[in-house]
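Below are structures written as structure tokens.
Presented sequentially are two complexes of chain A, the first with chain B as partner and the second with chain C.
Here is the complex of A and B:
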């Protein structure tokens, strides 16, 4: 049974709504630039949302302590929800995902705690990942089912998958699903310590790639069943027809060189959709730009499609790797791709990976 | 193991309890030495169960064995070690950081066995038999043939491990919350 996508919302380094993101993707305007918002890491290349917290707070009209993660999430969630009125006969829910939660506020708390011994303890209330979702839910008036997932870079698509399943099982009639992460010292320093942060602009699927650039943002999608659209009147933008997740059972933080986990997940998702492999016309790849991910992903694509790998590209050179938001942002990119019959260019590609020889779409 | 004593702590050894078990069971998995105590405990107890049911566990498909683990103190031992590495030693260690999530033990057991099945780690206030019953019920009715489940709570002062195997088509003791609680309370591991 297909699940309808009836609303989409985006915030990323290349735009503050879907239209702005689409324009940047069409015109090849990337969002990777030197960091501004975190003082001690100025100059590092990141995909930063070009609004400071104060600007976000005043635009969104919120009060109290709120994390940047919640602010970015609320912005994208509002766009996807689009002022849809609540209805007593419809079960509504929200599944958001994040990897950093309110870490951006906790870092300020921690600095003050060490420096002056008089920190604002209220900031810590925003730390928990669940708080980011609760703030978004409260602002949108969603009170039924509220869930937060945190499964690193797969978070956003896992939220989508869980939402689709809850609709299919009749547990919910409408559910907002997505992911959000803000840039923090915690993630920037973490990825740098793993030696996979590229000081230059990332180059997914290129033989010379040396790592990722982090980004921030949010992506949300509204999923509705027929009962819900009968009341909302929303048009169907796209359908979720297949999904799957699988493990690699290879390493805690690295993907297997044989692409086992990705191969299993892609195979099962296509099989669930009932489509033939030859009916897939575009793959929006994860393509982070790390040695490990891009090789593993390329091998998985070859495992599935053999010599007939469909057109594919990574949009990470536009947005940076937005971690928990990545899957959701790129799911919205994929909806836009179908709506506008577009394939996005994989920027910065020159030389194919030696082991696989795959060439992404570059224009 | 199933009510039998299979190892005993040797206070005179320079090795800790988990390392004593690893050597005592004559296991050969050098990665054990890189793991944090929580992952070591998960690995050791799963190996012990495997050793007791070698034929059956190996016959399941690699995605038919699910893992359902829980504890109370999450990854506190590694959390403190990591905090120590940046606060006191001033050198945050990525190899410690990896273990600052309790569900990493699931990954270690899956990696050691090449198991691709469902997995779940919950942090609960205390051992809750109904959690295992409900979760295993869902898994065994949606494609899993066996569930390796357990309570793995590790702090600096205490190691509490209770691992059990649930199988769809084989049962020595009927699986329900009463029996599970009885086994846990009697420490019949």
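Here is the complex of A and C:
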């Protein structure tokens, strides 16, 4: 039984829908720019979605007691769901993922709370990550299986994997899967405290890389089984054939120098798909631009592919690192890559990493 | 076991028996509780490495979240990163995998009051796929700030807000150490008709309400409690077979994990029990159901 991808939706610094994202990727138009929507840290380089909350609220026609995380997620989720009617004989669900949840509102509350002003406790009602998904589900009329994963930067692809497994076991017939995170002061300060925030434009897989630029956005994909497409009539864009999750178990934030976790996951995903390693034509890498990630990931790629590493690139210099949304956004980029026979350039690359010598696609 | 009262304190093991001192000092309450529970359940199951680790948490690592909010909003210049690192929900499952060196599937579900049920559903999938042993659990921690939020938002709750962690080893095959068997799990978000949902869940598992020996129930909304209690008693469950588990656990988003533990203990105490239903209506929009069967039966 195959799992089909039949709908995709995107919101990122390089566009408010799939078409706009694709155009930016094709023309090399990056979305990294000085921060505008958050008052402090002005000028910091980020991948911001170029709409304020008020504009999102009016475009999406929802109430304004909602987190930016839900707003961005709903925008991408609506594009992927594409007004598909519900059907009583089909079990539908949604799995979103987020790392900040409603922190964009909670941190405004907490600032006012510390300042002894008159904080609005109502802002906290959208704090929990599950709420961000419930709001998206409610807007799309999805009831029943409503779930949220939170596994930091792997969240988006984990949602996709869980959705595929639920379809494989017949628990659901159609499921919207994805990830979303809004830019927050919490995460910006957090990554700065880790000393891995690059004040300049990020340079994944480059020897001179010194860190990441945070971004925001959402990616959603609609997964359906045969029974569901017989009713929806949706066209299959791609199939989900292989997936895996493995723990690196090395350090809370750092990846292992031997790339153990990544190696295990890549190996198991390819093995599950039944494809040969030489059949992989493109890898959309995580490539955050931090010293640690890019080295560990490069080692993992060499562990798997030896001297025959397929064409690969990181799209983080376009979008910034969108945390829980990253895997979902990049999965949609990968669907677009297959549909349009495109490989995206790894911007800002000049010098290979000394230890591994891997060279990403740059044009 | 006595119901909780205003004088109740969190029961804590000697954490040093489970966690190395240096690491323990940096760990918040939720991480200590989780790593200790996880290790204890692995020891009971005589298992070194589970195939997977699956965790549910409603609100995640609140203590470190609050700490980092305080840090970056009040401190100028370089910020210490520890509380940021430990603020993310996946720190719990991550710390467990680190503490035992586990390279298997590692997942964190966070769907407020249904987070544990979703972790269990994932576990069920894993055991149907290629796993034999899964470590599954849930945790949430209380911080004083939550009581202030409760007051400010005029939330009326039947018992105190508390902390809790419960972990289990779930296996594909019934081993000698088995304490119970999970027959069915439901996590239904945006539920409209709780009465019908419970009915169809029992039908799906071919169990009549009269064969339930005990229902462990949680509800915070009076109307929802009345609906569920009326529908259970009409279906033939006696009132004395319905136990409000919140009066023992207190309220936290994943308290249904405590209820599962309580159900397994009840099988030990009452060997005639065959079926126990955990009915989680803590949030009126979400329905969680866990049907457990005794292994003795």
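Here is the rule we go by: the second predicted complex is superposed on the first by the 359 of 363 C-alpha atoms of A that agree within 3 Å, B and C clash if a C-alpha of one lies under 4 Å from a C-alpha of the other, contacts with A are read in each partner's own complex, and residues count from 1 in each chain.
Here is the rule we go by: a contact is a pair of C-beta atoms (placed from the backbone, for glycine too) under 8 Å apart; a residue touches a chain by one contact, two chains touch by 3 or more.
If you're wondering where the values come from, they're calculated on a predicted model, not measured in any experiment.
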{"item": "Partners on chain A (chain B, chain C) - clash or fit", "value": "clash"}
{"item": "Which of chain B and chain C A:171 touches, first, second, both or neither", "value": "second"}
{"item": "Partner chain(s) touched by A:88 [first = chain B, second = chain C, both, neither]", "value": "neither"}
{"item": "Chain B versus chain C as contact partner of A:253, first or second or both or neither", "value": "both"}
{"item": "First, second, both or neither for A:245, with chain B first and chain C second", "value": "second"}
{"item": "Which superposed partner A:122 touches (first chain B, second chain C, both, neither)", "value": "second"}
{"item": "Per-residue contact with chain A, leading partner among chain C and chain B", "value": "C"}
{"item": "Touched partner set for A:63, first chain B, second chain C, both or neither", "value": "neither"}
{"item": "Touching partner for A:99 - first (chain B), second (chain C), both, neither", "value": "second"}
{"item": "Colliding region between chain B and chain C, picked from 42-50, 150-158, 204-212 or 222-230 after the shared-chain fit", "value": "42-50"}
{"item": "Residues of chain A that lie at the interface with chain B and also at the interface with chain C", "value": "189-190, 193-194, 246-247, 249-253, 260-261, 264"}
{"item": "Interface residues, chain A side, partner chain B - complex", "value": "189-190, 193-194, 246-247, 249-253, 260-261, 264"}
{"item": "Sites on chain C touched by chain A in the complex", "value": "53, 58-60, 68-74, 78-81, 84-91, 93-95, 97-98, 101-112, 114-115, 118, 121-122, 125, 128-129, 149, 152-153, 187-192, 253, 285"}
{"item": "Residue numbers on chain A that touch chain C, as the complex places them", "value": "99, 101, 106-107, 110-111, 114, 121-122, 124-125, 127-131, 133-134, 137-138, 142-152, 158, 162, 165-166, 169, 171, 185-186, 189-190, 192-195, 244-253, 260-261, 264"}
{"item": "Chain B - residues contacting chain A, complex", "value": "63, 92, 94, 97-98, 104, 107-108, 110-111, 113-116, 119"}
